[in-house]
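Below is the structure I would like to discuss, written out as structure tokens.
Labels run A, B and C following the written order; every chain starts at residue 1.
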Amino acid sequence: MAGPISLGEIASRLGGRVVGDAGVLVEQVASLEHAQGRDIAFFSSARYKAQLTATRAAAVILGPRAEPLTRLPRIVSDNPYAYFARVSQLLNPAGAPQPGVHAAAHVEASARVAASARVDALAVVGAAAEIGERAWIGAGCTIGEAAAVGADSRLHPSVVVYAGCRIGKRAVVHSGAVIGADGFGMALDAGRWLKVPQIGRVLIGDDVEIGANTTIDRGTVDDTVIEDGVKLDNQVQIGHNCRIGAHTAMAGCAGVAGSAQIGRRCTLGGAAVVLGHLSICDDVHVSAATVITRSIRKPGTYTGLYPFEDNASWARNAALLRHLGKKRKKRNG
Amino acid sequence: MAGPISLGEIASRLGGRVVGDAGVLVEQVASLEHAQGRDIAFFSSARYKAQLTATRAAAVILGPRAEPLTRLPRIVSDNPYAYFARVSQLLNPAGAPQPGVHAAAHVEASARVAASARVDALAVVGAAAEIGERAWIGAGCTIGEAAAVGADSRLHPSVVVYAGCRIGKRAVVHSGAVIGADGFGMALDAGRWLKVPQIGRVLIGDDVEIGANTTIDRGTVDDTVIEDGVKLDNQVQIGHNCRIGAHTAMAGCAGVAGSAQIGRRCTLGGAAVVLGHLSICDDVHVSAATVITRSIRKPGTYTGLYPFEDNASWARNAALLRHLGKKRKKRNG
Amino acid sequence: MAGPISLGEIASRLGGRVVGDAGVLVEQVASLEHAQGRDIAFFSSARYKAQLTATRAAAVILGPRAEPLTRLPRIVSDNPYAYFARVSQLLNPAGAPQPGVHAAAHVEASARVAASARVDALAVVGAAAEIGERAWIGAGCTIGEAAAVGADSRLHPSVVVYAGCRIGKRAVVHSGAVIGADGFGMALDAGRWLKVPQIGRVLIGDDVEIGANTTIDRGTVDDTVIEDGVKLDNQVQIGHNCRIGAHTAMAGCAGVAGSAQIGRRCTLGGAAVVLGHLSICDDVHVSAATVITRSIRKPGTYTGLYPFEDNASWARNAALLRHLGKKRKKRNG
């Protein structure tokens, strides 16, 4: 923790308007429900009004309309969640790692590891690989031959980066992520699958976050590209030759099949799927568990989700659904 | 194998009623189809009647109504599958691991590893971490700073437990599982994603099993909680701030989005999804591949699943489904 | 790269018919869009006609009907994608790995590692395990006790093979794959889950490819079987006791629940699910994101997928869908 810090000083650094005692000190963020002592919480949704009333937080971050809902010292911001993020970053600075290559790491002689970088025990850095300034390679990671990890990037333990793949600056990559495995390129030939060598790379821009056990495949011949600021949650799958536009975010278990092109500032809800070779324009939002089966050329929110019901109602409706066609035929016949 | 053991001795230890020669010896469990020699099999569903007739098992476990279906020596139990589980546990005891820290493991000086625990080659145990009595940390695991693994727990190879997370007693955690990666907390700020530091932990109770490549995210500020007896299959994703009630089970590829609260004794079928911030009461059963989009306050079974058909029938019905609204408008218009 | 090689020599090795200058040299494959210099590209779909016109490739592989679409030197093949695969294999030979066990690998004394095999740094090979001729075990892999990896197989970094499991010849297994974790065998006993020991193995045939973070569970008592030539993409889940028939392929995030039997030459699209204990005959194709809920006895293509729409249209239709049953009741009532 970097605190304590007064509300006044927070506002002078991050903007926002203090209401109440600007000298109140805070030293950690907390939820409304569990805040105590010098904790600062945030309020962003009317559904938590009761918690706002009951909170023992020292101070609260909230939006302009919520200002009168509490008498606690507070900071008013037009985007209280983003403000909360900045306050938490202030109180929980990540800091540069202690530099050095652990004695039990294996770094090939031709690899270039910046003096300010850190490589933990049992990590492997391949020939001609590059590890940038202040980058942190966690325990058990494998960085393939001629792969690169940019400055200030952090790879948590057990990440694998295949040969030739490049990760930009300030990345956060969580454990179990696999960057650059072969795309699923198989040609059917007389009933057998013939492997198409996957000789493209994965190129990842700056400020990208990649969740635990997420997989991003290398391209068949061209590269798979993840642009700046993309955020991928856990267990996301990105097929070969995809391009994911800048600042697009995907929630857990989303999947994008090969050669799909996804625009900038898009979002995919959890378990959403985009089929292969499709093109999605900028500013498209795909709801959770929705399967996109054709290209989208107009920004907006798209959904395709079977509504759940109690099992008996579902069974009845699903049977009727399957008979829609037959009923129509009879009616028309 | 711990056998051979007689049916009579099994029944004296586990209950159940022996029919036929109680002196028959068994030494391993097997399927009806492949049993031979001193194997004991179980019968639990009428669909396997032909296999029961043909089996060469030495003995069979079955329910009261199935008792007359075979003349083989048998043990009758009201819950033959659970009985089979106990017999298999008896014949395949897990046993405590041979204690000791492998010379090629890396254990920080401030970590506390019980003398009866085992740490395999190339595992890393961080500063101030605790490994309980008879716990077994597999090859290539990483136990983060100040994390804890309870007594008699087994982590198979390549599990990652992030800093500060706690796993209770008698856990089984399979390879590739990642406990405590950052939740997907991103605040949108002028078209960019701002990371919300994830400072909560993952707290896991006793008797929990976690499947291969399953991921459980740490909380944003409060903790993510997995209560006692929870069983998660492979490739399950649990988002930040979730609470999963005791004895709830989730089949492969299920996903629970952030801040969802799931009750006790629930089941999620394979690939089922629960969206974020929802609350599911105790004793709710979600069918496979069903997406839960609102809170559930009544125990029962819930389903939402598009019925599959041959492709041509599906295409016809899906087109009709999309025109339901338009047809209704015309009819009403 | 193994080139350069002339079109004439390619055709003499792989068949096909050269049109234009057979002496043209190529040395790498590329996409129509990015080809240059001595690159050879392929054309397989009318949607890329403009790219064919504009390409700077030295030569193109295409089908008989596309032959007149370009004046570039070209090879005509009835199956241009498979032909392209063979050309790429020719130009990008995998080659046998440099043999040897890295000083920082841990191989138990009773393991049998072929002299021509390679074991990379920080890999663990358990007691009585077998590593075949020219097999390559990547950094950080764990090969369990008495497990076996066949000749010419390659395990990329951080693969886990549990005790007793067997992988055939010429396998490619990508990082993070877990072979042989316990199946999800839990018997409900008075509100608690009782673990059923999983004592079967995983048996994998020859020429199998397994994607990154894919999981294949060991059998309960019998073995889980993956037949020859099966290709599994990333994040696929195969439950215990399944049998996957020869030359079947599954795209990313597909899931097969326990005890399902899938025939030969089947395909599962991305995120498709097959429920447990079902039987799928040979030559069945399951569309992406489709859930198979009953056995299939007739070859063909099967689909069940909620069509997506803009969110407002979906909401209207989904509400109507849920009222289908009620409407019908009224109409009939």
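Convention: contacts are C-beta pairs under 8 Å (C-beta built on N, C-alpha and C of every residue); 3 or more make two chains touch, one makes a residue touch a chain.
Just so you know, these numbers come straight off a predicted model, no measurement behind them.
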- In degrees and to the nearest 5, what turn takes the CA positions of chain A onto those of chain B? 120
- Query: When chain B meets its copy chain C, do both sides use mostly the same residue numbers (more than half shared) or mostly different ones?
  - Reply: different
- Note on the structure: Cα centroid separation, chain B vs chain C, in Å, comes to 26
- In chain A, which residues are in touch with two or more of the other chains? 122, 140, 158, 176, 213, 235, 253, 271, 305-307, 309, 321
- The residues of chain C that touch chain B in their complex are 106, 122, 124, 140, 142, 144, 158, 160, 162, 176, 178, 181-182, 184-189, 191-197, 199, 213, 215, 217, 220-222, 235, 237, 239, 253, 255, 257, 271, 273, 275-276, 286-287, 290-293, 300-307, 309, 313, 316-317, 320-321
- Where on chain B is chain C touching in the complex? 28-31, 33-34, 79, 81-82, 84-86, 88-89, 92, 94, 104, 120-122, 138-140, 156-158, 172, 174-176, 209, 211-213, 229, 231, 233-235, 247, 249, 251-253, 265, 270-271, 288-289, 305-311, 314-315, 318-319, 321-322, 324-325, 328
